[in-house]
Amino acid sequence: MPSITREEVAHLARLARIELTDDELDHLAPQLDQIITLVGQVSQVAADDIPPTSHALPLTNVMRPDENVPCLTPEQALSGAPAAEEQRFRVPRILEED
Amino acid sequence: MADLTRKTAAELAELMTSGQASSVEITQAHLDRIAAVDGAVHAFLHVDTEGALAQAKAVDDKRAAGEQLSPLAGVPLALKDVLTQEGVPTTAGSKILEGWKPPYDSTVVKRLKDAGIVILGKTNMDEFAMGSSTENSAYGTTHNPWDLGRIPGGSGGGSSAAVSAYEAPLAIGTDTGGSIRQPGAFTGTVGVKPTYGGTSRYGLIALASSLDTPGPCARTTLDAALLHEVIAGWDPMDSTSINQDVPPVVEAARNGDVAGLRIGVVKELGGEGYQPGVEARFHEAVELLTKLGAEVVEVSCPHFQYALPAYYLILPSEASSNLAKFDAMRYGLRVGDDGENSAEKVMSLTREAGFGAEVKRRIMLGTHALSSGYYDAYYGQAQKVRTLIARDFAAAYEQVDVLVSPATPTTAFAIGDRIDDPIAMYKNDLCTIPSNLAGNAAASFPCGLADEDGLPVGFHVMAPVMRDDLLYKVGAALESALAEQWGGVLMTKAPELEVTR
Amino acid sequence: MTAEVLEIDDALAQYDPVMGLEVHVELNTKSKMFCGCPTEFGAPPNTQTCPVCLGLPGALPVVNAKAVESAIKIGLALNCEIAEWCRFARKNYFYPDMPKNFQTSQYDEPIAFNGWTEVVVDGETYRIEIERAHMEEDTGKSTHIGGATGRIHGASHSLVDYNRAGIPLIEIVTKTIEVPPAKAAAVARAYVSMLRDLLLSLDVSDVRMDQGSLRCDANVSLKPHGSTALGTRTETKNVNSFRSVERAITYEITRQAAILSSGGKILQETRHWHEDTGITTSGREKSDADDYRYFPEPDLVPVAPSREWVEELRGTLPEAPSVRRARLQQDWGFTDLEMRDVINGNALEPIVATVELGVTPAAAKKWWLGELARSANESGQELDALGVGPAEVAEVQKLVDDGTLNDKLARQVFEGLLAGEGTPAEIIEKRGLALVSDDSALLEAIDRAIAANPDVVEKVNSGKPAAAGALIGAVMKDMRGQADAAKVRQLLNEKLGI
C-alpha cells in the first residue's frame, strides 16, 4: 500500500503551484513514496513529552526600535520585474478574489 | 615570482603587506588560472573580471595611501552563488533566477567587502542548495579537480572545487546538511560549518531557515579561520543571529595543541556502508591525535540514526515555504504570460519550467509534510527528534570536548552514479547532518587519500555550540602532523590540472 | 443576479443569527512590522519597499518592538491574557500581492487571548468575548486594469504596489456572538464602533475604515430557534463602514434565511459586500485550497513579554470607555436615560469638549441633542461633519448667559451657523437678533400691549395676575422675540402694580 498516490501528488502540485507533466507525476509518485517511507522512521521514536527544537540557542525577544531606514528606490525595487507599468509590478490577470 | 595561485591566503596577505605583490597582480593571476582550468572544472557560474580588478585596485590604492587594512585585504575569494551580491548575477544554481541581479548585498558580502577581500565571481552549486554532488545545478555539474570524471560534492561543489583547483585561496559556502564539509572532504580542502547563528543569513537565499549556515572554505586551517573571523558575528538584520563574541578561531588555528583534549568517536557514524579506505584514514587520524596527547573514547549517540529522516522532513518543509516566493511576479523567470493566462497559471508554468527535479521533489515532500493532518506526524515529530539529537550531543559533551567521525561514508563518486537514486544521494550526508540539526559547530579537514581510489578523505570534527575554536584547534593539530608526513598539506598530492591555452 | 431574501423580521422569527467578527487594525507605527520602511499612507507606488517587504531572495524579518507594544496594549484594553511566550507562524498561500507567498502571522500562539469587552445598544449592555488578538503583516495592493468596474472580473492584468506590504496588522477575533436576534446587526455595528473609539484612545492606529486602517470581516450563520447545532457560516468582506457592518449582516441573515427556509444548504464561502447595491455576492469557495500549512516561523525567535513590561503597559492604558462614561455621567449629574440619549446620539465627545470650554453639561446636552442633532438627522450627516463645533456652541451659550440672546434667539443663531452665514456675532448683526436691553423700548412696547388688550388688563386688575401672561406674549411678539421675557414680566408687573 503506497504511502502516497499519484492523485495526492497531483494535489500537492496544485497546492505548490507547479504544473507537473503527466510524465513527471508518473515518475515522482513512486520516488516520493520511497522517501516518505524513509522519513516516516521518525515516528518510531517515542517523543510524546519531548519539546521541539528550532534553534541551537533559546533566543527570545529579538526586536528592533520603530525607526525608519532608507528604502530601495523604485528603480531598484522594480529592477528584477518581468514586467512593470506605472512604477508598479505588472502581473497577469488574477482569477481569485482574495 | 613563484606561482601566486599556490600560495595560501595568509601567505598572500604577507606578500602584500611586505610590498612584494599587489592585489591586482594576485587577482589577475587567479583570473588567469580560472581561464586556464575552469573550462574543465566548471566551478564558476560567473566571473566578475572587471569588478574583481576594480576591488583589487582599490585595496592597492588604500595600502599605498597608508590606510589601515584588514588582515585579508586584497586576497581573492570565490563566492557560492547563493549569497546576494549587488549588481552581480545571483542564480542559486537555478534557471528560475537566471539573469537576476540583486539590488542589495548580503551581510556576508558586506563584511567581505569591508575587509577588502576581492570577490572573483560566483560559484556553482546544486539548485537552491538541494543536493550532495552539484549535479542538480541547472547550469551543468562541477568536476572534481582530483578526478574530473567525479563529482566534487555538494551543494557547494563549486566553492570547494575552486579552492581545490587553485582558482582561489578562499571561498564562501553555505552548509545546511553538509554542503560545505562534504565537498571539502571530497576535494581535499578544509570546510567549516560555524555554529548556526554564528554567521549571518541576511542575503542568503534560503533553503532551510533553521539549518542554513554560511562558512569558510580554504586549503589550510589557518586560512579558514582568518576568513571565519571576517564573516562571523552578530547581525541585527538576522533575528536568529547570535549576539556574542566570535569564538577565538584564529588563535586556536595558530595553536594546534590537543594535549589533554577529550575526543569522542561516534559509534553510530561508521561500519556498514562506509568505504574501508575512508575508515582507515579516519582511524589513523584518530591515532595521530592520540599520539599528540588527546584522550580518545568511543561515544554513543543513539538518536543519530534518526537524523537523516528528521532532516529530510524539516528541510523540505521549510524549503517548500521558502521557495514559494519564486512565482514570476516580482523577479526571475516568467513563462506563459501570453495575455490570456492568469497569474495563477503563469506561476505554475514558470515554476514547472524553472525548477529542476530535485527541487520539485523536495517541494512536494515539504508541502505534504506540512499539510493539515500530517503536521504532527511529520514536521512536528521531526522537530522533537531534533531535541533528542541535541540531547545526545549534550550528553556526549559531558564526557568529551569534541566528537569526531569520517566526514562522508565514501570518497567522491563518479558523475551520474547516484543521480537517479535520491535516497542513495541523501546518504552522503549521514555524518554531517546531526550537527545541522543540533546547530553546533562542525568542520571537515583533509586526513589522507583512500587506498581504493586515491581520492581525498575528510576528518569530521564536531564541537559544542559557540566552541568553533575547538574545531580549529583539532584541525591545526592534524594538519601540521600530517604535513610532516606528506611534506605539505594534502593538496600538494593533487594531480595537476591540464591547462587550456 | 439578485438573490432571493426573506424579510428581516421573517428571518429573525425563524432563525437565530450567530456572528463572529474579525477586525484587522493597521498600526500607526513609523516603520513596518519586519523592516524599517516608512508606513505613510498615499506615497507614490513602490517608494516604500526594501528587500524584506518585497520578499526578495535572501531577505529576513526583524520584529518591530513598538508593534509588539501596541499589540499588548490592545490585548490589555480588551481584558485579554497576554502570552508569556509566543511565536510567529507562516500562513502559506499564493497571491500576487503577497511578496513571500506566505504571511508571517501567528497561529496557535497569539500574543493576547481570552478577553472580553462590552457594547451598549439601546441602553442594554452586551458582553462580547474576545478569542484572541494577534500580530501579522499586511499585503501589497493590486489595481486591476481593463475590467468594467476596476474589480477582478474582466480585468486583463493587474498592477501591484508593495508600499503597504509588511505594515503591522493586529487581527482581533471575537468568539461567537449570540445576542437577541433583533439586536444582532446593531450589536455588531456597535462593537466595531466601540473598538474604533478604544483603539483611538490607545493611540495605536488611525482606525479609518475609509483608508483601510480598520477592516471588518463578518462571519454569519443561522440556526433555527431552539436548536443548538451551529449552521454553516459565510465570511463577508469589503465591509468598509459601521453602517456597512450592520447592513451586510442584516443582508446575510435574510439571504441565508431564504435559502434555509426553502430547504437549501448554505455554502461555506467568502462573500463580498457591495455598498451600492446592498447585497453580498459569492467570492471564493472555502475549500482545500485553504490548507495554509501553518508552521512556526523559523526566521524569527519567540516573543516572551516580561510580566514587568506588561504591567508597565497596563499602567499607560487610558480609562476604559465604560468606566469613563460612568464617571462623566456622575460628574454631569445626568440620569441613566439622559446618558443613554447622549450615547445613542453619538454626542459624548462633543459634549465633553463643550463642557471643557466652560459650558454647563445641561446646556451642552441641550444644544447637541437638540438643534444640532436635528440638523444632522435632516441632512444625513454625523455630528462631527456639521461644521458647527464645541467652540461655536460655547460662544452661543456665553451670549445667552450674558443676556445678549435668549433661548429662541440662540436657536436662530444656530440656524445661521449651520447655514454657514458666518460667526455668531456676524449672524446676530445680519439678522438683527440681539435682545433689546433698552428699558424704554420695552416700556413703549408694554404700553402698546396694555392699550391693545384692555380686557386682559381688566382681568388682571380684578384679581387674576396670571392673566398678565397674555400681555407678556403680546410684548414678545411685538419685540419679535428679542426681549428677555423675565425683564418684560418685571417691568409689566411694576406697571400694573402687581
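As written, the chain order gives the labels A, B and C, with residue 1 at the start of each chain.
In this text, contacts are C-beta pairs under 8 Å (C-beta built on N, C-alpha and C of every residue); 3 or more make two chains touch, one makes a residue touch a chain.
In UniProt terms, the chains line up like this: A = Aspartyl/glutamyl-tRNA(Asn/Gln) amidotransferase subunit C.
Nothing here was measured: the structure is a model prediction, and the numbers come from that model.
Of the two chain pairs examined here, A-C and A-B, it is A-B that is joined by more C-beta pairs in contact. Among the chains present, the centre nearest to the common Cα mean is that of A. Rounded to whole angstrom, the centroid-to-centroid distance between chain B and chain C, based on C-alpha atoms, equals 58 Å. Put simply, the C-alpha centre of chain A and that of chain C have 41 angstrom between them. As a whole-number value, the distance joining the C-alpha centres of chain A and chain B reads 24 Å. Multi-chain contact residues, meaning those touching two or more other chains, occur in chain C at positions 51, 54, 56, 62-63, 94, 96, 156, 158, 160, 291, 293, 298, 300-301. Multi-chain contact residues of chain A (touching two or more other chains): 15, 17, 54-55, 59, 62, 64, 72, 77, 80, 89, 91-96.
In chain B, the residues that reach two or more other chains under the touch definition are 100, 103-104, 210, 236, 239-240, 324, 327, 329-331, 339, 343-344, 347, 367, 371.
Across the complex, chain A is touched by residues 29-31, 35-38, 44-51, 54, 56, 62-68, 85, 94-97, 139, 142-144, 146, 152, 155-162, 270, 272, 283-284, 288-289, 291, 293, 296, 298, 300-305 of chain C. Contact residues of chain A toward chain C in the complex are 11, 15, 17, 54-55, 59-69, 71-74, 77-78, 80, 85-98.
Of all residues in chain B, those touching chain A in their complex are 100-101, 103-104, 195-197, 210, 236, 239-240, 242, 303, 306, 308-310, 312-313, 320, 324, 327-334, 337, 339, 341-349, 351-352, 355, 357, 360-361, 363-365, 367-369, 371, 377-378, 380-388, 390, 422-423, 426, 437-440, 465-466. Interface residues of chain C, counted against chain B in their complex, comprise 51, 54-63, 90, 92, 94, 96, 99-102, 156, 158, 160, 291, 293-295, 298-301. The touching residues of chain A, counted against chain B in their complex, run 4, 8-9, 12-13, 15-21, 24, 28, 31-32, 34-36, 38-45, 47, 50-57, 59, 62, 64, 72, 76-77, 79-83, 89, 91-96.
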